[in-house]
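In the two complexes below, chain A is the common chain; its partner is chain B in one and chain C in the other.
Now for the complex of A and B:
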């Protein structure tokens, strides 16, 4: 047990980060499973991170209610985003959601309540490892139960062939709305946990770079597999830390792994059909 | 004053347009978004800085760096896109492999140059600004506008009057039909990447000269701003990218003049979002929105 305790003491920061990253990967993988490349997860995460931080700092809320209210807000934001973009497909959806994410970041950069470019600091660090992994377990169980419903079948059908899905009576609009909203909820939980385990947050934490990172995890893990996405996140978060001599080449290793997976291991990607060639 | 801001917008817009032409050329021909474009933009600026440091004059360093950017574009295509073309992967897979290349390019630049900002030691960068009536501008800005317009005219000539330009347009229109007509697809695509990346490289060099600053992260803003430009102009349209670039450049400088400097980027992205919703083909896009 001492070995375990020592290991935890030395790596608790990294372990927490792995849990949060896995949640973020799960949140994007829901949209990807429906064949939707909606790239606003970093923004949902940011919305919830700021709201939970403000609730904790200004209203002295404890972690659980702050986290739940923040995730509710990010769900609503995701749902509201889903309405205007409902007709966009493929690359157009990706670009529109990237634009939305940038707008959210710029808003956070300019508002007084969010502390501008300097962000918010002094957030109580009460999102401990049990909180983070407890959330991960609850989300995983919920997603597993969800995957056994008929609705999950409809999601897979929309990914494989949208017209066929319509033909058998699947409400494609509802699938798109629901997957984005669920992604908003999970990203929101991750954002609140992030804020409450990092002491301070800035708008730059939730920019396009973060979004790219989440996408990379999902691709490496296998786009249609939530478990794969979570493992991809864990792997890429741990790898550069675990192999010290690679620490200086962290970005290079990330990029190289991504490229190798995309080029040589298409099985992880084989199931998706984001958009047909014109 | 508004006139001065419009002039400033012209200089900013020229760089946006150059950068966005590269995006839109590749999108028009291949239907893919090349997110490594901003990394080449940055690498060309560093290459120029290094060449100047080695004693080369700017008139030599810049063209060499631009050609290098073009060649890098061809290499990018061979590594990240050509293998995917052969197995007809869905068109968002190349988007992801281009992110991989962007990360690798960034890591290489960081390994060579580190995170610090680099500056040029060129006399004309510090020259006194020029006055024309009520308007003020610098020699650098004239260099930017002059070279941007020269390259745009050159591109227009290539696209309209040369066999290569006709081949590029034919491939953009219908790849299979173009191949049946005897056009060498891989050569045409390679040439497209060379032109697109060379223009992106030029945009990077001009941006570095304008702010007298070269940095590994210098492409982060224009990467997404370029998206706003081609969405506004119509994805795949070169004319659209030029006009979109100048419009976005002027809107941003006007927003700054109105005291909205913190919000100017949000205006660009807001325009981009609204256009995607209301008119996804943009101002000049003739392609219909792919619905599947």
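Now for the complex of A and C:
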């Protein structure tokens, strides 16, 4: 037990970050399963992070209500974003959602309430490891239950062929809206936990770099597998620490892994591990 | 008794091009209506208009007396119209069972393995394994799986867009039996097909389109003897 306690004491920050990153990967995975390259997860995360931080700092809310309200707000933001982009596909959807993310970052950079470029500090660090992994477990169970519904089948059908999906009675617009909104909820939970486990947040925490990370986790793990995406996030969050001895070559190794997976295992780690197709 | 499909004066214009001009027809429950004509005559456009993929420029589509034109494609599918595609549009990365489940998406409840097997039997592909990947099946099996998927919706109307394309004569002969059995279950079938032997064997009535206009309607025997149809489509040696 002492070994475990020592390990946790030495790596608690990394362990917490793995849980939060796994949530972020799950949030994007939902949209990718529907074939939507909607890249606004960092923005949803940021919205929720700021709202939960402001509620904690200015209104002295505790973690749970602040997190729930923040996730609700990020869900609404995702739903509002889903409306204007509902007719966009592929690269056009990606560009539009990235642009939205940049708008959110710039707004946070310029508002007084969000602390401008310096961000907010002094956020209560009450998102402990049990909170983070408890949330991850709840979200995972919810997604597992969701995967057993007919709506999950509709998501797969939309990814495969939107027109054929319409032909069997699937409301493609509803699928696209719902997947983005669910992704907004999960990213919001991750954002609130991030704010409450990092003491301070700045707009740079929620920019394109973060979004790029989340996408890479999903590609490495498997874009149609939530489990794969979460594993990809965990591995790539741990990897930089595990290869710290490589110093400046760490980014090179990260890039090489991505290249190898895309070239030789386009289904990601989930495809290798479980032989999963589609 | 299932509902009848009625097209009344359906017109489709793409800019200055008129793909369908005042087309009217009726698909009755338990009957097979053939839809033939040269390439570009507007046959697939008629199916796309009926299923809501293409908006109508004029006219009306009714199912069981209720107007369905103007409804979203998924609502029309839920109302009871299923279709297959000229170019097969199975969910190729998914397995046979998932494709059949997709077909039953609009129905209450979940498809079970026994029902899925019954659908395969109905489409003449009982040999298929439910966990086989749809995109890896032989071409003829994919065509029939598309029919099975359409039947999974328990439709009032089934629209088949060149279902025999790419099939050999034996498979085509079996397809006639399949289509007749589907109609015998009370479903109205609209069959687009170029193979006149299939049309004559499977259809109760035939509508002929040319340049978007209905130029003839009648029984298969009447159609093959119609001079206007012979000149526009069949030619003098095809019958």
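Basically, the second predicted complex is superposed on the first by the 265 of 278 C-alpha atoms of A that agree within 3 Å, B and C clash if a C-alpha of one lies under 4 Å from a C-alpha of the other, contacts with A are read in each partner's own complex, and residues count from 1 in each chain.
Everything below uses one rule, namely that a residue touches a chain if its C-beta (ideal position, glycine included) is under 8 Å from a C-beta of that chain, and two chains touch if they have at least 3 such contacts.
As the structure is a prediction and not an experimental result, all values here were calculated from the model.
Trainee: May I ask you to decide whether A:263 touches chain B, chain C, both, or neither, giving the answer as first, second, both or neither?
Mentor: After superposition on chain A, A:263 lies in contact with chain B alone.
Trainee: Where does A:169 make contact in the superposed view: on chain B (first), on chain C (second), on both, or on neither?
Mentor: So A:169 only meets chain C here.
Trainee: So in the superposed three-chain picture, is A:160 touching just chain B, just chain C, both, or none of them (first/second/both/neither)?
Mentor: Touch partner of A:160: chain C, not chain B.
Trainee: Looking at chain A, does chain C or chain B touch more of its residues?
Mentor: Tallying touched residues of chain A, the top partner is B.
Trainee: Tell me which partner A:94 touches in the superposition: chain B (first), chain C (second), both or neither.
Mentor: A:94 contacts chain B only, not chain C.
Trainee: Looking at the overlay, what does A:144 touch: chain B (first), chain C (second), both, or neither?
Mentor: A:144 sits against neither chain B nor chain C.
Trainee: Taking the superposition as given, does A:7 touch the first partner, chain B, the second, chain C, both, or neither?
Mentor: Touch status of A:7: no partner.
Trainee: Would you please give the residues of chain A that touch chain B in one complex and also touch chain C in the other complex?
Mentor: Overlap of chain B and chain C footprints on chain A: residues 163, 277-278.
Trainee: What does chain A use to touch chain C in their complex?
Mentor: Those in contact with chain C are residues 150, 153-154, 156-157, 160-161, 163-172, 277-278.
Trainee: So in the complex, which bits of chain B are touching chain A?
Mentor: 31, 33, 79-80, 83-84, 87-93, 95-97, 99-104, 106-108, 110-111, 220, 223-224, 227-228, 231, 262-263, 265-266, 269-270, 272-273, 276-277, 280, 287, 289-292
Trainee: Help me check something: in the complex, which residues belonging to chain A touch chain B?
Mentor: Listed in rising order, the residues of chain A that touch chain B are 37, 84-85, 87-92, 94-96, 98-100, 102-103, 106-107, 109-110, 162-163, 208-209, 212, 215-216, 219, 248-252, 254-256, 258-259, 262-263, 266, 269, 272-278.
Trainee: Which stretch or stretches of chain C touch chain A in the complex?
Mentor: So the residues of chain C in touch with chain A come to 51, 53, 72-74, 77-78, 82-83, 85, 89-94, 98, 101-103, 105-106, 110, 133, 149, 153.
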